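Each of the next two complexes has subunit A plus one more chain, namely subunit B in the first and subunit C in the second.
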Partner chain A sequence: MSASPATPLLAIRSLRAAYGKIEALKGVDIDINAGEIVALIGANGAGKSTLMMTIFGRPRARSGHIEFDGQDITGVPTHDIARLRIAQSPEGRRIFPRMSVAENLQMGADATDSGESDRANSLERVFALFPRLKERMTQRGGTLSGGEQQMLAIGRALMSRPRLLMLDEPSLGLAPLIARQIFDAIRTLNRQDGLTVLIVEQNANHALKLAHRGYVMVNGLITLSGTGNELLQRPEIRAAYLEGGRRE
Partner chain B sequence: MSANPAAQTSRAPSAAFILKKSLISALVALVLFSLMIGVRTEAGPDGQLTYWTRFGDLAVMVAAVFGGSILIELFRQWWGPVDTARVVPAPVQNALAFGGRLVAPVLLVFTFLVPVLFYNERYILDLAILVLTYVMLGWGLNVVVGLAGLLDLGYVAFYAVGAYSYALLATNFGLSFWICLPLAGILAAFWGVLLGFPVLRLRGDYLAIVTLAFGEIIRLVLINWQSLTGGPNGVTGIPRPTLFGIPLTPADDGLAAMLGIEFSPTHRIVFLFYIILALALLTNWVTIRLRRLPIGRAWEALREDEVACRALGINTTTTKLTAFATGAMFGGLAGAFFATRQGFISPESFTFHESALVLAIVVLGGMGSQLGVALAALAMIGGFELFRGLDQYRMLVFGMAMVLLMIWRPRGLIGHRAPTVFLQRKEAISSDLVKEGHG
Partner chain C sequence: MDYFAQQLINGLVLGSIYGLIAIGYTMVYGIVGMINFAHGDIFMIGGFIALITFLILVSFGLTAIPLILLIVLLVSMAITALYGWTVERIAYRPLRHSFRLAPMLSAIGMSFVLTNYSQVAQGARVKPVPPIITGGYTLHEGAEGFNVQLSNIQIIVVLTTVVLLALFTWLVSSTRLGRDMRACEQDQTMASLLGVDVDRTISMTFVIGAALAAVAGMMYLLYYGLVDFFMGFVAGIKAFTAAVLGGIGSLPGAMLGGLLIGLIETLWSAYFSVEYKDVAAFSILIVVLIFLPTGLLGRPEVEKV
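Take a look at the complex of A and B:
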């Protein structure tokens, strides 16, 4: 499945980004091939979320390149990046709490909407994936449970029929059972529709099991990369991210 | 039985608790009122300060507070915890919901009939025009504050821009009201964009301060640019609107003479009434339409979460600017109407007080609710007139009413928002589903 084609869908080359004087990304290289699930794991403050935000142009890259489907998007305005059909489910879900579930989903389609039938198709797809959302159509976003809000955030991102879906900490603050449902949904999306996914996670175990390939980020640099299983077997990964640093 | 007392005391506070609470209230009242009411000061005949004490009045006030807080506590105890389902039975709720749907159409029909019903009551007609002006201003500001969530304390600036645009264009170039009206709207929208640019990155309190300053700047420019605006003297002799070029005057070419009816000054008032009604309804119609379009949805989403908006590919710059421009345009149209109705404008009409009043209408009505804003404008402007008999206590009554309203309906008169996306059919949302979640 991850037989790498000639050019990756998303190619990041020696990317640097900073908040004021604090450098958050110190030269990051990442490839994401079409049809792949790529996991980015690392500790708090390693720069994972910053990398995702930088792909979206906030903060702007100080140097380096981001190429999407052969096009340089390093300097493209944020709203235009979304129109290239790169979608993200941001950290902390960030759904619109006072708007209904239906309106939240519609918001995902508004910027890239190309027609009523596309919208209906996207909606069908989201409901097939998360039937719970269909039941809660008219409810306000803010009244949903944490897991449902995460489903809504992913569903909203899917409404733009993305070519690349970026998920920031989709399991954050969710019960293990709900987190598993979310991960299953991501796997389904990838298998059925061949959707390319970049997933940023602290829950390394889940993320690496799900992903075809993974990157490990430490202090703004990629320190390790490999297939999900390879990374899961590495003793330093197990020690740092999977066993809570315990030594037995 | 042994486990019950704890549960009972938590449910119903004991007499000692009520007494303690009331005593504290009385003590606070004593401290507050001892100087305000207990001591009366006045300038004596030679300009010296004379004072005397009024301990009797003070005692009455403190006793009233003490007794009042006991009553309130007892009432609370009797009422129990707030629970709509228990307090209001379902059939009554359904009846209310049905009645609620009728409010808007009934109000609209009644408004159309106002000039017919009150033809001979000039006072009511004038008041109705004033209320409608504020309804329109409220609806205009609602776009900026209610929908886009951009707190604008300087809305009166656009009202002023619209009024002066018409006044100056009409008096200097002799342009008619109907040509100047769209011009006033466009100019106000332009100023809205001009305000929008520097505040693009601001939100909340910071935005409010800048808009407040903007309102003051416009007013000060109007006062000081004497050669153009006439300064504090204002602009006089602003022409009245005409009906397709036919003036509503007693002259031979006036409307009354043409129709062969006797001239009455009320004709012009009724004409003005229908102009502002049409303008207000235009504002309402445009806002309702926009809310269902992606741009209106983007405004509301912007109010909720700016970061999420950007992530969804929404251009937050244009979204904010269009909100400012749309709101400002309606303010400008209302301003042009104000100028033609008054025939005279001066910077005094465009103080911060007006901005605050319009903002209060939007907040009281329920941010984003069209009907709520209309009802609030009616209550604020109409109510203000209603309490005119109360003289100096008018403001007191009014302030109290606003505080009480905000306690009981913290989201405004009409706090819910109507959904804009329907899938298969309209579904009524039960009230217990639409409360704000905290999870």
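Take a look at the complex of A and C:
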């Protein structure tokens, strides 16, 4: 990594973004250091997914800055941001339903023009994490179960050998066992390969246990931040996100 | 029976030309969700460029017919593709995020522009060419003096179509560009998150569609021996009908629809009335839109998970 230890891999400063007249981000500051897992938690509609999409320029930031590895990417075209090896498994998974699993994964590899050997290595890594995908290679994406689609969305993101992996609600709608598999996979990737991860979750308990640090988002603003354990101990977090409250 | 066999051959040839044009409609619809009403005129432009290139080559004293045809094909595809690219760039791209009807209206406007531009630049009269490819085979000698003929030009039209379709199918199913095109068709936002330049991919779709229409224009010129500034209108709407019949958005559907429309039109002309052949084709359009809006190979509109 070319960034010096002092500068974060991703630095977001006073970021504002809106859909039409509705302001979704109202001045967000976030740092993600290389090798970290950072969790972003908050209720439905807090702006978590918007933040992930705004990093990719969809929607464009109204004001503020996004820096990746020291480079200002606030105004860079979406497809060029992907080429910097930032990958996202977005809200709703968004796999290509009429492409085979193999082609979906290939789309991820195409994002960074990886060579043949890189592609084979990435594929091995994805299969090691999600053996189920290997059995489904020729099947159309749209015919997979929800859990398999989630695996495919994460696998596709991994195919680009990302430097920053962003996961939007990777456990949403999954059986607890499969959700745990996915969280385990993320932890493995982080420990073995030093992969930097930003994970958005409503399942705050899981996410904060997994993450090194966390941010809490309310109505487009970061209201709290700290290490995963610190946040887990805070009474207001427990009340709002862990013990019933607004959890889904 | 001989008469019927002959009409089948004729219908197949006409259907190949419609099919090549229909692919352009269906590709553009698949990726940007609009009907490119200027596409028929792109076909007409392709015919004109083929004619002009042909005349230039002949005036240079070139006589080798296969060489001439190859050059005409390539030049016509290249220049017409440029037209397709330009039309998208100036008439559709600025309206991409406008209301849904806007690019459609712009397309109709663009169709008028191309028609009238050709009329002004090339004149209103029909431009004939002498038969370039002659000869053929007699497949069957009928008892009453009616012979089933297969002319060389018919063979060339069908063979060219088959080769182009094979190439095109390979492009869409097995190349990076084809994969990007299908990704944009299914989810443009996700495609861009994966590094696909959506604008460029859409441009390439117009370029490829126009190049195929140019081939259709050249085949039309060779087969009928004439072009005129208005030929894009009727042929365009027929090809559009073919795309709708096959299922708009479906590439095999476009080709199937093209063949069916070609056959229906030819058989109708042969057994009922030449004057009303367009009525037959367009009645199909109406019937399909009412009773089978997704076409033969189209997929149902609702497919969101």
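Operating definition for what follows: the second predicted complex is superposed on the first by the 241 of 248 C-alpha atoms of A that agree within 3 Å, B and C clash if a C-alpha of one lies under 4 Å from a C-alpha of the other, contacts with A are read in each partner's own complex, and residues count from 1 in each chain.
Everything that follows uses one rule, which is that a residue touches a chain if its C-beta (ideal position, glycine included) is under 8 Å from a C-beta of that chain, and two chains touch if they have at least 3 such contacts.
What you see is a predicted model; the values in this text were computed from it and never measured.
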Fit-or-clash call for subunit B and subunit C when the two complexes are aligned on subunit A: clash
Touching partner for A:P176 - first (subunit B), second (subunit C), both, neither: neither
Which of subunit B and subunit C A:T143 touches, first, second, both or neither: first
Comparison of subunit B and subunit C by subunit A residues contacted: B
Contacts of A:S160 with subunit B and subunit C, given as first, second, both or neither: both
Which superposed partner A:P131 touches (first subunit B, second subunit C, both, neither): neither
Which superposed partner A:G70 touches (first subunit B, second subunit C, both, neither): neither
First (subunit B), second (subunit C), both or neither touched by A:G45: neither
First, second, both or neither for A:S100, with subunit B first and subunit C second: first
Partner chain in contact with A:G194 - subunit B first, subunit C second, else both or neither: neither
Doubly contacted subunit A residues - partners subunit C and subunit B: 56, 58, 77-80, 82-83, 88, 90, 94, 96-99, 103, 106-108, 110-112, 142, 156, 160
Complex contact set, residues of subunit A against subunit C: 56, 58, 77-80, 82-83, 88, 90, 94, 96-99, 103, 106-108, 110-112, 142, 149, 156, 160
Complex contacts: residues of subunit C adjacent to subunit A: 176, 179-180, 182-183, 186-187, 189-198, 303, 305
Subunit B - residues contacting subunit A, complex: 294, 297-298, 300-301, 303-305, 307-316, 417, 419-423, 427, 429, 433-437, 439
Subunit B contact footprint on subunit A (complex, rising order): 56, 58, 77-83, 87-88, 90, 94-100, 102-103, 105-108, 110-113, 123, 137-140, 142-146, 156-157, 160
